[in-house]
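A short worksheet on the structure shown next.
Chains: A, B, C, D and E, in written order; residue numbering restarts at 1 for each.
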Amino acid sequence: MFEAREMMVFYENMIALNNVSINAPDAKIIGIFGSNSAGKSTLMYALSGIILDIKKKEEMRGGERISVFGRLFLNGDDVTNLKPHLRAKKGIVLCPERRRIFPESSVMENLKIGAYLSSRLDTKNNIDYVLNLFPRLKDHLNRQGGFLSGGEQQMLAIGRALMANPTVLLLDEPLMGLSPAYMDIVVKGTKEIRDTKGITIIVTEQYARPVIPIIDYGYILENGSAVLEGTGEELLNNPDVKSAYFGV
Amino acid sequence: FAQEKPIVIGAPLATAFLYGWDAERGIKLAADEINTAGGVNVAGKKRLLKIEVIDTRDLEPGVPVADALLAVEKLILEKKADFIVGGPVRSEAALAAMDLLSKHKKISILTTGVLTPAYSKRIAENYGKYKYCFRNSSEVPPMMGDFMALLEDLHKTKGFNKAYIMVQDVAHARAGGEYMKKALSEKKWEVVDMKIYPTGTTDYSQGLIDSGKKGAQILFLWMDMPESAALLQQWSNMKLKSLPMGFMNAAEQPGFWKATGGKGEYMIVNLVNGGNAPAKITPWTMKFVEAYKKKWGLEPEGYGTSSSYMAVYQLKDAIERAKTTESDAVIAALESQDFMGVYGRMRFDKKTHQIIHSWDPKEGAVTGMIQWQAGKRVQIFPPKVAEGKILLPPWMK
Amino acid sequence: METMRKERIDRGVRVRASGLYAISSWREMLYLMGPPLALIIGVILLPVILELAPYWKRVINIMCVYALLALSFDFLANYVGLVCLGGAFFVGVGGYLSAIFNVYLHFPVYLSIPLATICGAFICTFLLMPCLPLRGVYFAIVTLMYPLLATRVIEALDILGGTNGITGLDSLPNEYVEHYAIILMTLFFLYAMRRFVNQDVGLVIRGVKDNDQAVKASGISVTKMKAFAVCIAAFMGCFGGAYMSHMYMWSGLSMFALDFSIIPMASVVIGGGGTLLGAIIGSFILVPLSEVLRNFGTFRIVIYCALLTGFIVFKSEGIMVYAMRKYHQFERWVKV
Amino acid sequence: MSEEIILSVQGISKTFGGLKALADVGFDITRGEVYGIIGPNGSGKTTLINCITGFIKPNSGRVLFKEKDITGWQPHKIAHIGISRTFQIMRPYYSLPAYKNLIVPLWSPRAKTTGGWRGGGKHGDRDTVAVDILEEIGFERDSRVPYKLASTLPTGYQKRLELARCMAMRPEIIFCDEVFSGLSMSEIAGMLPLIEKMKSEGITLIMIEHRLRELFRVADRVMALNFGEKIAEGESSVVIENKKVKEAYLGSEEV
Amino acid sequence: MDEIVKEEIEGNVEIIIYGIINSIILSLMALGFTLVYSIARVPNFAHGALYITTGYITWILLNKLTGFPYPLAIAIAICVTAVIGALIYRFILIRVRGMEISEIIATYAIGLAILEGLRWGGLRGGTFTLPPFISGSVQLFGVSVDYQRLLIVGIGIVTFACLYLFTHFNRVGLALRGIAQDERAAMMLGIDSDMTAIVSLAIGSGLAGFAAILLLPLGNIIVEVGYNVLIFAIAVCVIGGLGSWGGTILASFIIGFAQILTEAFLSTHYQMVVALFAIIITLLIKPSGIFGKQKELEERV
């Protein structure tokens, strides 16, 4: 059970997240949809703790002030003030938007770095799993991450996040830049992971259509507030959502 | 009894370096002695000496000469120095400072660091402008003359005729090396090779091996970086059949013996001015050495010691004779100066403002040429003041 | 309590000040123009104020030379993205050229300095051309090597006066010319650069820093833009060098000294990178600081470095960034 | 619409250390066309654009722009004659506000000669022109978005900024590398008219897309790549029915 | 005829032997710097200062406390340096993390403060030396080489091998490399970047100290050496391509042999000129160092 209560994030005076509460029960997929600048990435940063690091760096440079409010609970423990790496230790792993992979390390090394927290055996299994999921990566094991194509980098980023053996996996726009076939793989894979490993998955997307069928519960973000929530079915049948996210 | 205004002597020195701190000690020692004796008698008034030392950092790599010049200006403008004694220590800084000195019309006696003949040459060329500058320590040509005499002697007694020159990559050292090469060739010596090492080199094996192969009997060295001690260590480890001699600041210091673990034995070093190691050059020499030891707890170290000490006395003498501290009068008095100092007779050449050099302390300033023998610095040249003979390393026999 | 946050609000004036014409009242005008005016007037009056402390008057000149170098470093590093550790190279080239013009070719001072500045800027740009494709640290290192190489070459070939340098340059006509030549140039460059980086060309150059590939894709030659920027920076540096060689009537190897690269950089860091003004303020703090500390002898560098580190650690964003924020914005606690 | 062939790509090949990224790819494009390029990830689409726009030198092959051979030219020269592109991995000018990002293309020699987008772009009113362009592409004029620092823009806006950067130069050909990804359906729908408009103004668009639905609405012709080889070309409905394309590209996802 | 040939070969043997020694010395100097840069992306300009500090501490222990065992002195000195390195990160660098120019200036200032502080505190002149581990020399192919230098070659090779294995195959090593490339991404994967940076600075400083202990017996402990070591470390590390061990070694060989060859065939005089030229030219040909891919990666679109 991963729970975010009344998350609020201000970038200087601009509110980017406004009282967003998210409930992610174990082994469920939570979808978060919203258009540009709805605050999806901000939410992901807040959940994974990266926002604390962003905040620190901004302060160092004397830039804008970032304020974060709200509380986070993982299985009842308060993780609000944990640094990102400690949250990762607890199993909250973010697969960031824009595929921040390690450009100078090879694909294999990227995956191994991802497995920093897991045991040797897990690592081996996970590598097999990831390479099976994304056979395309197999051709490039020794290529440096930075030279991969956009979509391949996206696959690598997802794969790397899986290597960390997460209990709560945060996927920020995982489908961006993937070809239809791979979108399919990712969507199916997501579902499979939930079912087999019992991982809680929170996924944000603009392109809701492929994701909607697999989610257990979804939120619509608009201008930083959660304006609507419900199961996949409910969202799908809401006329506003339909026109905005499924293009009718 | 109103205290007279003290005479301020400014000393721009690189105080973190051998040639800076030893000069500082020399100057302070002299000033103390003069002040205890009542000060300088300027036309009947007793004025004390006040020493203002300023750190120029000019021997440090990466520090612009401008910084040293600013320090000199600070002495003149802010500390109101009447005379400048000591540095700047680096040749180019000293040369650059000449213009400043003439701009401010301040007399300076250069005592340490600068060996380049360019200094006296410029004074001779443009006397009107640079007449404020004096130098009471030796310069390259006479030092070379000393070395040549020594080598000729070795040639006659031991039959040496092959030399190998190793110098540091700085102007005065290269000039010294070139000078030596020419002079030796003229005297029918064979100069096997001349190597120029960048500042900071710690590995001399290439050159040493080469010199050994080619049978050099003299290693002529000219370096003023501490790393050069490594050269002697390597030389001693290789047991090369050659005698090292030259100008090397690492080997000037008493601490050299310990630092090399005795491996620097037999090195012959030119201390530029007499009195920088215990010797009986004039009656004043040992007095100076003892006073120095008493005040600072160790023997004079680098080559700037006795000259810096003397410079203060020279100024005192000139001021007292000029009866004023006015620059022009003092210049005239310095030019006509003549008395027995720590390292011989103190006279400035009237054209070049360079101390007059000689092998006889009764005639002029004498070099301090020593050899390291059993942990001691023994004066071995010029013959008139020598206290020991040159020894060869046992493996050369 | 938990739901309070600190808010920063622009002081009204600044918002309206994007075009000067928008300003209505004298008070607002003063508020905006006050600090720059204070700076300009203060710096211009400095030589007069310091009449009583002749030594400190000399320090002004050095201070301004470092300020120019810092300006050039700040511009290159924070607007063009070239971290150039070759400030000393600019100084050296300017200094030597000026010496050559003045001593060997007998040009008068008022000709040799401008000529050295212009020629120097072109020569430096030309010599740095091959390095322009380098990125980040690599550029920094190569530019660091340039002044070292220049000294070694002059030393090894024994040209241009060898290690002794070129002496006997004419000094500037009088003390006041000497002061104001550099002060006015510094102020001129400061305000010219501040305008320049917000002009369209300046924006393009800033674009090069962020993403040169995109600049290429917009049909602009990146090399040309970089060369142009380096030329401007070198112009400032060479002026500093040429001026300094005349000030000390001497030019030599130590014109390429590392300090000319490092101190400007430190000035920029403590002044606040990317503000230009910060670079000037930084050197106006650091250079006199080093003079004040001179009394400590050898220990002064230690104190100096400790203070410098302190500045960096406690005002990591830089003095100017901090000051501007405080001046233009106020903070208050609000309930969320 | 004229049938003038504006861009002709012939036999481009490129290998990266053993990997064949492109093998003998060629196609012709007529003026004012919208040409789609599809293909699975890593099939060489971006590489193809890089080769055409000069960011990579192809191992072999030729690129003809209006019958002029431009193979191996410097990227900025190619951009200057009117071929512009977006970047798949977008990196806007982070330290500039969004609208100032457009000053770079508006200042470029090309925009100066063509008058830039909407004929503006003379000194002084570049800012206004920039905001105009941004508005056209979906940055609400009166909101703060166009004035925000580019580094703080969310992904979707950064994508659009990429396209705006191209438009500002008033090019003849625009290569769009996945501009639709990262946008929601309604946002894409908002952009389609703009594309139609560019098309009607005679600007040729070459679009790489994975969002096929949206692509097919605007594309006249489509080419499919797989493992660096051209496997199909033609009308979108035809290409999509192609067996090879289905196998390699679509998987089970229905369009 | 044969004589001449033989002589030629002998001449070359010594060039090769001393070239190798020289190169390994250079790479040892660069070791700590490379490590810190490749892990923490901190250009540690205090490297030279740490190098000298270790030497000086050892010297003090040996000379001020009579009969202090040499190995213990070395161990203590290295540990102290490592701690200093860690403290530098913990209290200073941590606050300017990611601002490259600030990092450079901060570390440079610290280095300068340490070096000048040592000078002020008495480290002046040429009387500070460490004894070699084993004194004496041996004839290798007719060239006399002292044991200390042989020892350096041996230890140098072993250290390099260990470090390579560590950073490339060890889990922690890999993680460290991740941090260097994208700190935030590494955090998301559970890697504690601050802690590792502290550790890497400690190790890097320790390595600087380690190199100092090996190399200083060949020369003197003087402040200027600190500056030289820094310059060489940077040069070697950059030419090799930042963060690449292979590159570092190759670069030391380029510079090392460039130096020895100029000494043998041109004149020692030009040693520095040639070395600097070698650096500039290598970088102009390979803009991101010999094994670096920085430029290609950054220009990938």
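Operating definition for what follows: contacts are C-beta pairs under 8 Å (C-beta built on N, C-alpha and C of every residue); 3 or more make two chains touch, one makes a residue touch a chain.
Small disclaimer: the values here were computed from a predicted structure and weren't measured.
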Partner chains shared by chain C and chain D (touch criterion as defined above)
A, E
Higher number of C-beta pairs in contact (A-E or D-E) found for A-E
What's the chain with its C-alpha centre farthest out from chain D?
B
The distance between the C-alpha centres of chain B and chain C, rounded to whole Å, is 40
From the mean C-alpha coordinate of chain A to that of chain D, what's the distance rounded to whole Å?
28
Between chain A and chain C, what distance separates the C-alpha centroids? Give it in angstrom.
45
Let me have the rounded angstrom distance from the C-alpha centre of chain A over to the C-alpha centre of chain B, please.
74
Going by the contact rule already set, what residues in chain B reach two or more other chains?
16, 61-62, 169
Residue numbers in chain C touching two or more further chains are 156, 213, 262, 297-298, 301, 316
What positions in chain A touch 2 or more of the other chains?
60-61, 147
Quick one: which chain pairs are touching?
A-C, A-D, A-E, B-C, B-E, C-D, C-E, D-E
Residues of chain E touching chain A in the complex:
95-99, 171, 174-175, 177-178, 181-182, 184-193, 243, 293-294, 296-297, 300
Can you name the residues of chain D that touch chain A in the complex?
16, 19, 38-42, 45-47, 88-89, 144-145, 152-157, 178, 181-189, 210-214, 248-253, 255
Sites on chain C touched by chain B in the complex:
53-56, 58-59, 62, 155-156, 162-165, 167-168, 171, 244, 248-250, 252-255, 257-260, 262, 291, 294, 297-298, 300-301
Complex contacts: residues of chain E adjacent to chain D
299-301
Could you please specify the touching residues of chain A with respect to chain C in the complex?
8, 10, 12-13, 60-65, 67, 69
